[in-house]
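Labels run A, B, C and D following the written order; every chain starts at residue 1.
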Amino acid sequence: MKFTDKLLPREKVFRDPVHDYIYVQHQVILDLINTKEMQRLRRVKQLGASSFIFHGAEHSRFTHSLGVYEITRRICDLFLRNYPTKEPGDGLWDDSERLVALCAALLHDIGHGAYSHTFEHIFHTNHEMITQEIITSPKTEVNKVLRKVDPELPKQVAAVINHTYSNPQVVQMISSQCDADRMDYLLRDAYNTGASYGNFDLTRILRVMRPYSGGICFDISGMHAVEDYIISRLQMYMQVYFHPVSRSMEVILSHLLKRAKQLADKMPTNDRSTPYLLMPFFQNNFDIDDYLKLDDGVLNTYFIHWVDSKDSILSDLADRFINRRPLKSVEFNSDTKKLIPKLQKLIKQVGFDPEYYTDTNNSFDLPYDAYDPKKKHHATQIELRRPDGTMVELSKVSRLVNAVTGKQLGDERFFFPKEMLNSVNNIEIFQPIYEEFQKHIKNNQLT
Amino acid sequence: MKFTDKLLPREKVFRDPVHDYIYVQHQVILDLINTKEMQRLRRVKQLGASSFIFHGAEHSRFTHSLGVYEITRRICDLFLRNYPTKEPGDGLWDDSERLVALCAALLHDIGHGAYSHTFEHIFHTNHEMITQEIITSPKTEVNKVLRKVDPELPKQVAAVINHTYSNPQVVQMISSQCDADRMDYLLRDAYNTGASYGNFDLTRILRVMRPYSGGICFDISGMHAVEDYIISRLQMYMQVYFHPVSRSMEVILSHLLKRAKQLADKMPTNDRSTPYLLMPFFQNNFDIDDYLKLDDGVLNTYFIHWVDSKDSILSDLADRFINRRPLKSVEFNSDTKKLIPKLQKLIKQVGFDPEYYTDTNNSFDLPYDAYDPKKKHHATQIELRRPDGTMVELSKVSRLVNAVTGKQLGDERFFFPKEMLNSVNNIEIFQPIYEEFQKHIKNNQLT
Amino acid sequence: MKFTDKLLPREKVFRDPVHDYIYVQHQVILDLINTKEMQRLRRVKQLGASSFIFHGAEHSRFTHSLGVYEITRRICDLFLRNYPTKEPGDGLWDDSERLVALCAALLHDIGHGAYSHTFEHIFHTNHEMITQEIITSPKTEVNKVLRKVDPELPKQVAAVINHTYSNPQVVQMISSQCDADRMDYLLRDAYNTGASYGNFDLTRILRVMRPYSGGICFDISGMHAVEDYIISRLQMYMQVYFHPVSRSMEVILSHLLKRAKQLADKMPTNDRSTPYLLMPFFQNNFDIDDYLKLDDGVLNTYFIHWVDSKDSILSDLADRFINRRPLKSVEFNSDTKKLIPKLQKLIKQVGFDPEYYTDTNNSFDLPYDAYDPKKKHHATQIELRRPDGTMVELSKVSRLVNAVTGKQLGDERFFFPKEMLNSVNNIEIFQPIYEEFQKHIKNNQLT
Amino acid sequence: MKFTDKLLPREKVFRDPVHDYIYVQHQVILDLINTKEMQRLRRVKQLGASSFIFHGAEHSRFTHSLGVYEITRRICDLFLRNYPTKEPGDGLWDDSERLVALCAALLHDIGHGAYSHTFEHIFHTNHEMITQEIITSPKTEVNKVLRKVDPELPKQVAAVINHTYSNPQVVQMISSQCDADRMDYLLRDAYNTGASYGNFDLTRILRVMRPYSGGICFDISGMHAVEDYIISRLQMYMQVYFHPVSRSMEVILSHLLKRAKQLADKMPTNDRSTPYLLMPFFQNNFDIDDYLKLDDGVLNTYFIHWVDSKDSILSDLADRFINRRPLKSVEFNSDTKKLIPKLQKLIKQVGFDPEYYTDTNNSFDLPYDAYDPKKKHHATQIELRRPDGTMVELSKVSRLVNAVTGKQLGDERFFFPKEMLNSVNNIEIFQPIYEEFQKHIKNNQLT
C-alpha cells in the first residue's frame, strides 16, 4: 500500500479561521470531504445549545473535523522530519501510517448527530458506534472512498476510532489526554465564543511532541506548555461547556424529546406536524440511513411545528427551546439535595408539572488523570521525556496539574421555571408559594 | 419620552468574538433580543451559500445584528461625549435619538429569510419591506416590545429602516456608505471566513466620525482610515462575496426552488415530502406568520426529502445543493456572450437540461459612489471635514477611492455541469462533444 | 481641587499595540508624558536582558507606563459608571481620586534605571525610593507639572507609590496582587515576546472588579477569570522572566559592573574610555540628576569602550555582554549545592577566575499569597464578593490557586563558562578536567 | 558545495511575535546570528524617530533581519515542494541556491547605522555599500563565518545585495516590489505600531508566488492578495512612515548633527563631552571598525552630554531631540513655496536662527512602478501568471494598483518652532509677528 501514489497533482487548501489554511495533499482526503456523510456535519453544530449563551459559537462539526485533520497532518509532518523510523520496533514514526491517521482524524466525529448528547440519552444511540458503522458499512460513500485506496483501510480507520489499532502513536494522535481532537476544539471553541481561556500554545506543543514505543510523549522542556493546555481545557469546561444556561437549554430539549416520544403513538402519521424523519427513532427501529438524514435543522423544523401542537406541554417546551426561554438553576450539594422534593412540590402548586419543568443535572469533568492501579479504566497519562530518555508523568512535575489530577470538577444544579423567582408579573395568589421557594435560595445555591 | 428611565438595573453583556463584549443597557434592547422574531435569526446564516466555500462562515444574522447594535451604541457614546447638541438645529448629537438608533440597528435585518436573495428572486418577497412590517405589525413580539416604550416607536424605527426618518444622523448610522451595518459585516465575515482582507481600523473610524447638519461626516485627518475601509470592502466583494463557487451553489438553489415551484401543483399535499411551510409561497398566498416560520433548516429539511423525489431534476438538484456538488463556471464578456447558446446546445446533447443545468450570473458592486447630478438615485456620499469646518467629498482627495468611484466592479459568468470539463470517467461516446466544448475555454474565460 | 477643570479641549490619543488606544483627557497627564523624566523611560527596556532570548521583547518602560495609566483610567471609568459614591464612607468610588490614581499609575516606574535590578544590586540604589524622590523633589519637571495642579499633589502621588495613601482603592489599583501594573506588563510582555502564556481576559477582569471599603474586590462570578490571570502570571515567570539564559546575561552584567567598580580608582579620568556618567556611582556620591542621565544606551556605550580595555576580565565580560555570549547553567538543590566549590575549582584549573565566571542565582516567585497571621509582611489578598455582599478569599474557592498559594516557585542555578561543556575546539590538555566536570551534570541538573 | 551537509543536529527556533517561530536549520545561519555585527543590530531601531510618535515601534533591525530570513526560508520551502528544477534552464527552483538566499536575507541590513537615513545625509555614508563591505571584508566575523562554508560565499551574498547575482529568483526574493524585506517590515511595523493598515495576507501571497526564468511571479488567482499588499504598503507610508511629527524629529536630528559637525574642530578632544566614537566621522576619516561601534545608544549618549553644551544651539537641539520637543509643520505646494522666505524672516525676528530651526522636507513614495521604456532606472515589475503560462503585469489587471502606478505619493512640508503658533505663554512684544505668521496657515497648509 503506497499511499504517496495517490497525491493530488497540486495540493489544495481550505481557508480556516483557526489554522489559517487546511492543506489537503491526498486524493482520498478530498474525496472523503466531498462525501455526503461528511457534508452532513455542516448541518450539526459543534457546541449544540452553547450557542444560546455564547452567540458566536455557531460553528459546525464539519469545520472542527477539518481542524482535527489539519493538526494531525502537522504532527505527521513534524514526526517525519524529526523522528523517522529507521528500523521496525525503534519506536519512531513510520510514515506509512500517515493515511490511516489522517482518515481517522477527519472521520472521528462522523457519527455525531443533531444535539448528540441529549439525543443519545433519549434514543439510546451511540455516536462512537455509529462512527464505526459509517466507516465500515458498504452502503456509505465514506466506505467506498476508503475501499478504493485499500480494502483494509475502513477496518483500520475504525480500529483507530475504537482504540484497538496496533500502532499506539496513531491512536493517541486522535484520542488521548492531549490529542488533535481536543486541541482543535479548544482553539476553535475559544475562537468562536470569544472566550479567550481556551487558548494555548499549539505550535509549542507540536514542537515538543514526539513518538516513542508507548505512543506519544512530550519533551520535558515543554512541560509548561502542556500544563497550560490542561489548565486551558479546565477553564473552558468551567466557563463555557458547563455554563448553567446552556445546560438549562439541554434540560428543556431533553424533556421536549421525551414528551414527543411519549406522544408518538398518538401522533397523526399523515399530518403537517408528523416528524417523519424521527419516526424510526420513536419506534426504535432505525438504520444508518435514517440516522444520516437527521441534523439540527431537521429537529428544529419539527420543533417549529410542535409550537402549534395541541399538547400544551409539547407546545410550551418547543417554544422554550426554539425561542430561547431557559429555566433557572441553583447549585446544590449532597446536603441540600434533600430539599428538592419540597421545591418540586411548590412548583407543582403553581401549575408546572415537575416531570417536565424541573430537573437535576451534574456536570463534572476529570481535567487530567494519571494511572491508578486501583481503577479499572483509565486515560493514557501524559508522559514527559527527560534528556536522558527516561519518562516522568506530568502530575509528578507540575504542581498545578497535580492539584487537579484525578479530581472531578464541576457542579450539580437544580433547574426550575424562572417564574418561581419573579415577584412581579406573577399571579398574586401564588405569592406565598414564591416566597417560600425563594427562602431556599441564597448566593445562587440551595440553602 | 425619557428613555433613560428604562435603563437596566445593571448593564448586561454578551460575549462577542468580534467586539469582545456587546453591552446592553436598556430594558427594551434586552426584550427585543428575547423576541421570537430576533431568535429566528439564529437559524439564518449571514452569508448563505458562502459557507460552502469558506467553511468557517457559519455565523448567523443574529450575531451580526448584535454587532450592528454594538457599533451604533459606541457611535452614540462617542457623539454624546464629544459632540452633544447645545441648541436645536446646531447639527450636533441629540442623545434622545439614541434609543431609536439602537432599536433600528438591532432590527435592521429582522426581515431576512433563509437564503434571502435567492428566495426573494423566486418568490418575489422583499426583506426590507418585511422588516418594516415586522416592526409595525401589532401581531409581532417585536412590535409589542417597542410599543411598551412609546406607541410611536415602531413607526420611528421603521422610518429609519426606510430612510425617511427626520434625523439624517440616525439614518446614516444604520445605512450609508460607511455605516454600522457594513462595518460589522466586514469585520465579522473576515473573522469567520479567515480572509483577513475585510479588516480595517474600526476604532480609528469611530474616532473621526462626527455628526453635522447633513448627517454624519469624518474628520479629514482620518481620510486614510476611511479609504482603507472602502478598499477592504471592495476586497471582500472580489474575494469572498463574489466567489464563483458560492454563486454556483446559489444557481443550483435557485433552479431547485424554481423546479419545486413548478411541480408544486402536482406535489402530494399529504405526504412525507410535502413542504407544508413552503406551500403558502408556492401558492403566492402567504402572510408574515408564514414567513417567520422559515429558516435555513426548514428549507434544508425539504431538500433532504426531495433528494428521494421521483422527479429526477428535483432530486438531482437537491442532492447537488445538500451534498455540495457545485457547477463549474467561466467568465464571459459582451463579445463572448454570443457563444453561450452554442455551449448550451452541446450541454443538452450530453443529456443535461440547459434550463436547470446552466445559467449566467453577473455580480457587480459599486465600491463607492459620489453624487452625480445625472443619476436619479444615488448613495449618500462620504464627506470629510476640514479643520475650518468646510467639507470635501472623499473621492476628491483619495486617489485610490477615485479610481473606483462610480465604477461597477465584478464579473459575469456562465455556469454549467463540471462533467463537461472532465476527460475521464465520462461517457466515451460524448468525447467529441466535450472536446468541442472545451475548445471555447481558456484561462477560465470563454474564448 | 476640581480636576475636571483641567480637561484638554479635546481628548488626545496614543496608538498602542496592546490597548489599541491610550486616551488622555487631562492636561496634567499630557504634560507629565512630555517631561524629560518620562521621556527618559523610552531609553530603558522593560525586560532588560530578556530581549537577548525573546528578541521581540524590546519595548521600553515608557510604553508600559502608558499602559498602566490606561488600565487605571478604564478602572476609574467603570467605577464611576457602576459604583459611584453617594456618601462618605460608603466604600464606593469617589471620582475626585481619579487624578491622583492616574498620575501614580503613569509615574509608578519613573525611578527605574538602566538594567535596574542588577544596577541596584551593585550600586545600592533603590528605584522605588528614587521614584518618590523624582515626584517630590522640586528640581524635576514631573514635580513642577504636578504642583501646577495642586501643591499637595506630589505628596499624594508619592504616598500611593509608598502604599501610605489614605484611600486603599487607589493604592490597590496600582499595587496589589491584581493591579494595573501587573496586568499591563503581563499583556505587553506576552505581546512582544510572542509567548502567549501571559494572555488573560482583561475586559472580563475589569468587569468584575469593584470598590469596597477595604480596597478592591472581585465579583465571585469572575472567579475563573481571576484564577486564569494568576496562572498566566505564573506561566510568564516560569517561561519568560526566569529563563536561564537571560539570568545568565544578568550574571555577566553584574560581574562586569562589579569589575568596573573595582577598577574605578585606577581608571583614567580623562580618557575616551572614562565612564563619566557612571563615576558618581563608582564614587558613591550621586544625586538625582546623575541618576536621570543614565539609560540602557549610556551603559552600553561604556561597555563598547570597555571591550577594548587592557584589563582582560573587564574586556572579556564587556564582550560577552555586548555581543551576547551567555554562560551555561544547571539547576541544583540543597543537596547538590555542596558540589559547587569542586566545580569552581575545576573551572579555575582551565583558566577562568571563578569570582567572575561563575555564580549562583535563585529565581523564585510567590504566585499568590493569602493572609497568614504568622507572617510579618504580606500581600493584599484577593477577595471575591458573593451576591449577598460577603467576601471569600480566592484560594478558598480555586483549587488551582490554592495549589500555589504561599508557595515559592522557581529554581536555583549554577552558572559557568560554556567552554566546560564542549568536547571539541577546547584545549586538549584540559580534556580530563572537562570530563570530570561533565560527570556531575545530567538532565540539566547537578548530580 | 553541498550546504545540506551543514545542517544543525536539531533545528533551532527563536520565538517571534510576528512569525510565531523563526526556524534555523543550518549551522552557518546560527553562527551568523551570533556574530557581533549581527548583534549590533539589536541596538539600532528599525523605525528610528517613528517611535517618538508610535510609541510601540521600538523594535530593532535585528528582529526585522530574523523576519526577512524566515520569510525567505518559507519561500525556499514552498519552491522546493512545488516547483523544483528538473533540468538546468527550466526556470524552476534550484535548491542549491537556498543558502545564498538565506544568508543574503539575514544580512541585507547589516550595514545600517544609527538613525541611518539622517546620518548618511550628514556624513555621506551609504548603508548598502557598507553592507557589502561587512560581508566581503576579511576583518569581520560575518565574513569568517561565510568563508568557513565556501570561500566564494561572501562574494555571492554581496552580489545578491548588489542585484548582480546570476539567479534573478534569489535577487527578487530579497529585493523587488514584493520581497521578503518589504513583507516583513510591513507586518512587523504594523504589529508594533498598532496601526493595522500594514497587515496583508502573507500566507496567501506565499502560496501564489512561483519561480520562472525571469525571477519571481505570482499566479493570477492571487491578484487581489498582491493588490492588497501594495495598498497596505501605501497606507503604511501615508499613515506611519511619513508622519509629520517623526519627520520633524528627523529634521531636528539632522540639524543637531550638522551643528555638531560644524563645531567639531572647536570641540575639546579630551573632555567628558567629546564624542570620541563620532570623531572619525566629523573628520571624514573612518573605517568599518569605526562604523560598527556606532548605534542608537552611542549617539543618544553624546546628545545627553550636549544638552549641557555651552553652544546654545547645540544644547537646545539636543534637548529637543532627547526630550522629544518636535517642531510644527505645514504642507506647501509649488505655489505656496514662495511664502517660505517671508515666514523664515518672521521666525528670525522672534529670535530663532532659520538655518537650524526651520526646514523643508518632502516625503514621496512610488507605491508601485511598471516598466516604462522612457525611464532609465526602474523597479522589477510584478508579473502575474495566467493558467496557460503567459504573463500580465499587475497594473494591467488591477484598477486600484493602476491608479497609483508610477505616481509619487506624499507631501512637502515646512517645519518651524511651535512657539510661532501659540498665542499664550509667548513674549507679548512679538504678538504682531505671531499673528502675521499665523495668517498664512489654514487647514494645516500654507496659504
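As a working rule, a residue touches a chain if its C-beta (ideal position, glycine included) is under 8 Å from a C-beta of that chain, and two chains touch if they have at least 3 such contacts.
Molecules present, by chain and UniProt name: A, B, C, D = HD domain-containing protein.
What you see is a predicted model, and the numbers here were worked out from it, not measured in a lab.
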| item | value |
| --- | --- |
| Most remote chain, CA-based centroid, reference being chain C | B |
| Which of A-B and B-C has more C-beta pairs touching across its chains | A-B |
| Distance from the mean Cα position of chain C to that of chain B, given in whole angstrom | 50 |
| Whole-Å gap separating chain B and chain D, where each centre is the average of the chain's CA atoms | 43 |
| Centroid spacing, where centroids are CA-atom means, of chain A and chain B in whole angstrom | 32 |
| Multi-partner residues of chain A (at least 2 other chains) | 20, 195 |
| Chain-level touch network, classified as line, ring, star, complete or other | complete |
| Chain D to chain B touching residues, read off their complex | 195-197, 199-201, 220, 224, 227-228, 231, 234-235, 238-239, 386-388, 399-400, 402-404, 407, 409, 442-444 |
| Residue ranges of chain C in contact with chain B within the complex | 10-11, 13, 20-21, 82, 203, 207 |
| Sites on chain D touched by chain C in the complex | 14-18, 20, 34, 36, 39, 42-43, 51, 54-56, 58-60, 62-63, 66, 191-195, 270-272, 274, 276-277, 293, 295-298, 300-301, 304-305, 319, 322-325 |
